[in-house]
Amino acid sequence: MAKIFDYTEVAKHNTAESCWVILYGKVYDVTSFLNEHPGGSKVILQLAGTDATEEYDPIHPPGILEENLSAEQMLGSVRPESLPTTEKTPVQTGEVQQDGPVDLESILNIDEIEAVATKQISKKAWAYYYSAGDDLFSKKFNNEVYRKILLRPRVFVDCTNCDTSTTFLGHNVKLPIYVSPAAMARLAHPAGEHGIAQACEKYGAMQVISQNASMTPEQIVADAKDDQVFGWQLYVQTERAKSEAMLERMNNLPQIKFICLTLDAPVPGKREDDERSKNIGSNLPVRAAVQEDASVSKTTSDAKTPSPPKAMGVGQSLFWGTAADLTWRTTLPWLAAHTSLPIVLKGIQTHEDAYLASLHAPQIKAIILSNHGGRALDTAPPAVHTLLEIRKYCPEVFDKLEVWVDGGIKRGTDVVKALALGARGVGVGRAALFGLGAGGKEGVERMLEILKAETETCMRLLGVERVDQLGLQHINTRMVEKDIYDGPAGLERPSLGSRILAKL
Amino acid sequence: MAKIFDYTEVAKHNTAESCWVILYGKVYDVTSFLNEHPGGSKVILQLAGTDATEEYDPIHPPGILEENLSAEQMLGSVRPESLPTTEKTPVQTGEVQQDGPVDLESILNIDEIEAVATKQISKKAWAYYYSAGDDLFSKKFNNEVYRKILLRPRVFVDCTNCDTSTTFLGHNVKLPIYVSPAAMARLAHPAGEHGIAQACEKYGAMQVISQNASMTPEQIVADAKDDQVFGWQLYVQTERAKSEAMLERMNNLPQIKFICLTLDAPVPGKREDDERSKNIGSNLPVRAAVQEDASVSKTTSDAKTPSPPKAMGVGQSLFWGTAADLTWRTTLPWLAAHTSLPIVLKGIQTHEDAYLASLHAPQIKAIILSNHGGRALDTAPPAVHTLLEIRKYCPEVFDKLEVWVDGGIKRGTDVVKALALGARGVGVGRAALFGLGAGGKEGVERMLEILKAETETCMRLLGVERVDQLGLQHINTRMVEKDIYDGPAGLERPSLGSRILAKL
Amino acid sequence: MAKIFDYTEVAKHNTAESCWVILYGKVYDVTSFLNEHPGGSKVILQLAGTDATEEYDPIHPPGILEENLSAEQMLGSVRPESLPTTEKTPVQTGEVQQDGPVDLESILNIDEIEAVATKQISKKAWAYYYSAGDDLFSKKFNNEVYRKILLRPRVFVDCTNCDTSTTFLGHNVKLPIYVSPAAMARLAHPAGEHGIAQACEKYGAMQVISQNASMTPEQIVADAKDDQVFGWQLYVQTERAKSEAMLERMNNLPQIKFICLTLDAPVPGKREDDERSKNIGSNLPVRAAVQEDASVSKTTSDAKTPSPPKAMGVGQSLFWGTAADLTWRTTLPWLAAHTSLPIVLKGIQTHEDAYLASLHAPQIKAIILSNHGGRALDTAPPAVHTLLEIRKYCPEVFDKLEVWVDGGIKRGTDVVKALALGARGVGVGRAALFGLGAGGKEGVERMLEILKAETETCMRLLGVERVDQLGLQHINTRMVEKDIYDGPAGLERPSLGSRILAKL
Amino acid sequence: MAKIFDYTEVAKHNTAESCWVILYGKVYDVTSFLNEHPGGSKVILQLAGTDATEEYDPIHPPGILEENLSAEQMLGSVRPESLPTTEKTPVQTGEVQQDGPVDLESILNIDEIEAVATKQISKKAWAYYYSAGDDLFSKKFNNEVYRKILLRPRVFVDCTNCDTSTTFLGHNVKLPIYVSPAAMARLAHPAGEHGIAQACEKYGAMQVISQNASMTPEQIVADAKDDQVFGWQLYVQTERAKSEAMLERMNNLPQIKFICLTLDAPVPGKREDDERSKNIGSNLPVRAAVQEDASVSKTTSDAKTPSPPKAMGVGQSLFWGTAADLTWRTTLPWLAAHTSLPIVLKGIQTHEDAYLASLHAPQIKAIILSNHGGRALDTAPPAVHTLLEIRKYCPEVFDKLEVWVDGGIKRGTDVVKALALGARGVGVGRAALFGLGAGGKEGVERMLEILKAETETCMRLLGVERVDQLGLQHINTRMVEKDIYDGPAGLERPSLGSRILAKL
């Protein structure tokens, strides 16, 4: 009954007026769906008239196709031998580029995990994970700033025992390390976010699920007990109803303990590595994405440039539909109306905003100091700077909220330093994705195993048995303190309250 | 009627006594013009008896030949087949060195524009644009100092709208970015300064025309509406009458809104890359230009060295005739006598001079903090230092004058940082010339498009909608402040007024 | 009478149930010895059923085999021609990898000694000596911090005479430089620690014998007069009786003047170079050692991971059995009960611990500021930092104890700087081992000769005749002082006594 | 009459008992001269029985041979064809290693002069000139510290005129730049120190003649008018009579205006490049020179090492016989007894010694802040540090003495910065020698021409007409001031007078 199409027939339907695509060997007419696509119509139009399976598969949860298209939109099948042959990338074929299987136990540190994964995953996946804003200054600085903090080991202390367990928002975890909401895990490995969840279960680690995960939240937590700790990341959508529907789903998943509202990327940063890679494996010409686009910005300075549809990097297409109009006044009450889960604010980068967040306890129960892994604004401050800024201007924040940090964690000593500065826990994003790329679920486990062992060695050599014993006496921050914000240049140290409250 | 010469005949007239040159196939006797040449006689004598077209063309405005030579000085034509064959450089032939046309949209940032242009323009043009003083310390530091300023992004701020428009001296522009007075644009592309003007029109950007432009001001503004914003750069000539004549022309061009008097290069800096390239494509031996020359300096220490005519870099030949005797007392009144246009002083590098300039408002309406792109004095301070110096010693300057800056701008974050420090706008010089080299008018447009988009992304991620909202609270300058001038070493902080006024 | 075995027969006994090994051509049944091995059973099981001579020889003192195994455990001999052929490493064959003999006098500095030795010793030995914690930050910083201290040479001072002699704990030595307790010297050269002792005798230098020396203390001091100065390093064993027996032996050796209790490595640091090399020359697959091991840690967070026996680097196998439960309260009285030799505490890294140690004088007579050559905790502070920290918070420590330092010494100027900061002497570890590798006893002599000559040249050029004249006036420490611990960030400078005493 | 020897006969006389050498084809018996050789006997014994011409020629003034040996010590001639053939080095043959003659005018800066010379001079000469102490830290830092000082250009100042003339000790010179006492100029070029003198005459520059010049003072000043300004460097000899004889000669040379007593190298620094090169071109095995030598040191710690004669680098052989027992108390009165010429002290490196020197005015008329070009003690402070130290602790020194500096000068901006800090003039050593190597007298002229032109450009762009107008207001030293000695760490700022006077 289903019709068999020749590829040349499909290829003719490559416009907004008649847009067909091939997915998993089936031919779909997606013309009427173009305006409904959460990622925007452009992404589909780029692939109109072609086999879009390779592009589609790793970034869409299984089942989403059937959920969104009606039966009549499936027109039939494509004659396989009529398809043009293209070189397969590793992700598509499941083949690895290096010889033989990876011996995960020979990997000794987080940098080596990235190196192994880089050889195994597709160029596109690498570019999406590796990329950061502009010149990658903040990405690198995130890590380097930890090297500028010296440890202060105490001797003659019994270090037989070492306990890395702690709590996040009152929930027990075995590690002060969690997996940050990092999108598109299936670009790295078919196990995807579900594989990460299983690795976290083994090591007692928390996981924050990205809104842009390549699997549905339900799929990710499918095998998790109710007391495994997950959070769900919310990018509020311009169409609020979509976000409200998602919040409703989260309210019904017992493993989801909190909503992590991401604030540090109201518009996408400029990730050039990602933009360069966006059509690797396709025939589209390379095109940059800095050009203005009416769907993102209502620019009041009208440049009168025509804005033709252009290709985008993975990072940019994920942004389509994200709201840029969130505020303290409007967004928090809206959230309260749709969920009673605790709120964690991700992306705080100044002491002023940390202080403002503390005024919204207990709806807000934690903040994450983050510059989005250096992926949003280049030369934004690393979390270590913001920790020290809060200590300098408004240390009372630590009493009202949990403070988590992410960005630049590569060693157990980095974990310990963040905790000594007052952080309750540290998130790792790229390390988890590269772990997945290096060896699926077992690769993520190896990553957690390494960081746990390094953290324990560091605690023991400092003479510390429990994470709550770590404090400022264990670190020398002189080299960093001299760079911490000292108020507007040339002015008196600002009055914190007056300046901030005016912003509310 | 016109005589036909053999090249060997022309070649005999290669002295100051009888000096012939070939230009565009015609033979000219320029013996009597030698002493009138604004660039000095030496430059011509180097080419005496040869075909000087390649040297002459890109650095002289069209029509200037006819304007300066009488009919009888044109002796006839050269027999083409008698000319020696020489390898053409890219600029001369219009050929590009890389394969295929440049896809401007694949260029993602300012460094890539320079890289693309470097492959396309002649070595001589590259050397002139790229070169800077001595060891290029200030050129590099100009940019690096922006990397040492961290941004302070605020969250939970509605950033749907973003407006980059502002005003310069009361004139509306759509960008806080302008094109600095950079000479010799036709070395990069035949579109020249007129092409830059058209790109500026498209993006609503201001352009300051170099006195050493390779097109006349009239040609450059030919297609511009009266409200397009231009300035004209003045290097006061030793023969003041020449400058007075130029001012008269400017007074009659409605697009010219101000005179930009350049002060940071009363004598040429030492640009070794430019000197090394000066006779690429010719047969002259390489000669250095550090030797003293009576026409530049009345050196009181008499070295008794003979000073034979020597070759010069592009930068040095442009300097011939520039006055070195400007002063606050004498030059400003002279200017007032010849133009009522507002004066913008370019090249301020200390708070003392910024303060002095502010005493001359309203004749002076703006100052440009500039070390001439690092091309004048190596280890001169970057504009960021001077901005912080003014904030430290005499912040009232910002109330009396507009403060513009140039040097080292490569990213939208750099633009935003300069504005947050109090600058009204930032100039780009090399970026415009390399944009022209990369793709003519469209290359300059791409440069402006990139910087505009980066600036908008930065403003949004800081939570800022209009440029006038940017302030010191958006940046952390700790890493730079520790290097700012702190008064003479070992002395009390100087009394600003007394020390400066003594200089007037 | 002794049976002759074929290698294939031996190879079958490769389990914990029946474990045979070949040593020096003899076959031993070590099944019952597995649990008694001070280095743990795993190390042996890795070699079960094989010829273990190459692994065994350089890290066990001669005679220890007979001491630990009974006659019946020696089963017979192996048929030599049945052994598999393997490529010999330099240490085993005594062959050197470079051409011709080394001309020790052509070696001009400590870096060159390391370079020469690196060509001559086995990869395994190199990895053990060279390796340091994590990213080798502290190892490098140990040396770089000396480069940041400037010298202040005084002129017009008679520097005809120069005397480098001093005393350690009242014992006369001719150099303020001693050999630190560095393990496994026979990995570098058959002369081993005895060769080091002979070189020290020639230059009047002190030697601290490592507990993990590859020769017994008795063998090392065999040819030394009673007044040659040695110390013995103690790593307290979990089985205290073993340590007590060793102390008893030391009490009876007149050359041993003190016990050096090592505190900076209660658990092994993470030395990745060493881990990577651990089975060079064997057929074992490379395996990492970060996995938890019940015999090291009683981790309260139970990861439920199975912990199969794994290979270890040289550094880790030496750690087996080291106690992690030492404290000020319990360990010092225990030591006092077993030896009346003075105690030197090695591994002090904070002023707090230096101060605590000073409260235990006179049992404790000296402390060694050390981060274990960067081999324990990466980003731990260099000894120079701890020296300056003590000066800043509790300079009275210098009056109560001798303060020795090690780590990063490469030049005579480094020696002089440490002394000017208040150190009584400086230890060199890797330099001695690499000296041994470069040329046996004579290589160690060359190392001492170079450091002595450099130290004398530096003293003369500073205008100093005796080491006790060196003081703070001879150095400029500005570049380092700005990085010294300044108390917990954001808090008042801590009250030293109250914070520390609570720890006792 | 003169006997003809076969080389094999000469070769037999290679001991201290019978020591023959060949010089310029003649055979000499120098047995009885061994103990009289100012450079020590070892240097000769290394060459005993060989043709020593290549070693001897460039480091001995012409005529010195006849002066020191009697007629009977010349035994005869060597049969030329019996000499072994050896590869000639460039200096010996006069051949240059690069193709074609050097175009000196194509050299644009001091680094390029060094690069050109390095290609032309012998490896031995390069090693002697290039080498510095230990790791060359101070040599590099000498220059880098100038890059950390920013200039402060003033605008709107008439800079038509520029005058670089000044005075040294009241004598008129045309440049604030002088040639430092650098030894062994004939290693670079046959023109030697006389060539340097001629170049200095042309540019009106002062020259300080090295005691170890390869020409006699009389030869060097032979063509100089009486008012050309020279100084003579004194290394006081252990045999004071030798120094007294030299002073007597200086008293009779009208061109010698002062005695420059060198204090910064009472013993030779450790110059490894020089030591490595010491027998290039000979057959001696490479031997290091760090071993103790009784003729240099009366080491009280007796190492009992046999000290056989060893080869030395050029730098070390020049040191033979230099006194190490100079003091303020004894040496200045002795000097006063033997010359009434003003004394200039070279090698001051602390404010304490600068202050002490100022107490000895007017016998002492100037001090030279110098770390011997980084050749004495590595990590010794650069002259810029000492300038700032004097400003900080005892600025009155500038009123009592002229302060000259050397070390690290590569640009005219460096010259200007030193002058702005209070120096009266700056010395260049390697630049002069490399200039000589690059092109003889003309190469030195080119060096002076470049530095003069760069200095003038810098003065003009700062808005300064005469060198005496340069001051602290023209430079920003913030980046350097933070590293200046701040008194002993942890102590109150020292009382200058009490601490110093105790030393006298």
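The chains carry the letters A, B, C and D, assigned in the order they are written, with residues numbered from 1 in each.
Throughout what follows, contacts are C-beta pairs under 8 Å (C-beta built on N, C-alpha and C of every residue); 3 or more make two chains touch, one makes a residue touch a chain.
Computed from a predicted structure; not experimentally measured.
Trainee: Just grab the chain with the largest centre-to-centre distance to chain D, centres being mean Cα coordinates.
Mentor: A
Trainee: When chain A touches chain C, do the two copies use mostly the same residue numbers, with over half shared, or different ones?
Mentor: Answer different: the two copies use largely distinct residue numbers here.
Trainee: How far is the middle of chain A from the middle of chain C, if each middle is the mean of its Cα atoms, in Å?
Mentor: 44
Trainee: Between chain B and chain C, what's the gap in Å when you average each chain's C-alpha atoms?
Mentor: Inter-chain centre distance comes to 63 Å.
Trainee: Mind pulling the chain A residues that touch 2 or more other chains?
Mentor: Expected reply: 482.
Trainee: Assign the assembly's chain-to-chain touch graph to one of these shapes: line, ring, star, complete, other.
Mentor: Per interface graph, the chains form a ring.
Trainee: Considering only the defined contacts, which chain D positions touch chain B in the complex?
Mentor: So the residues of chain D touching chain B come out as 103, 105-109, 147, 149-165, 174-175, 202-204, 388, 391-392, 395, 411, 413, 421, 449-450, 452-454, 456-458, 460-462, 471-473, 476-479, 481-482.
Trainee: Touching chain B in the complex: which residues of chain A?
Mentor: Going through chain A, the ones touching chain B are 134-135, 137, 263-270, 272, 275-276, 285-288, 290-292, 297-301, 303-305, 310, 324-328, 331, 345, 347-350, 352-353, 356, 371, 376-381, 385, 482-486, 488-491, 494, 499, 503.
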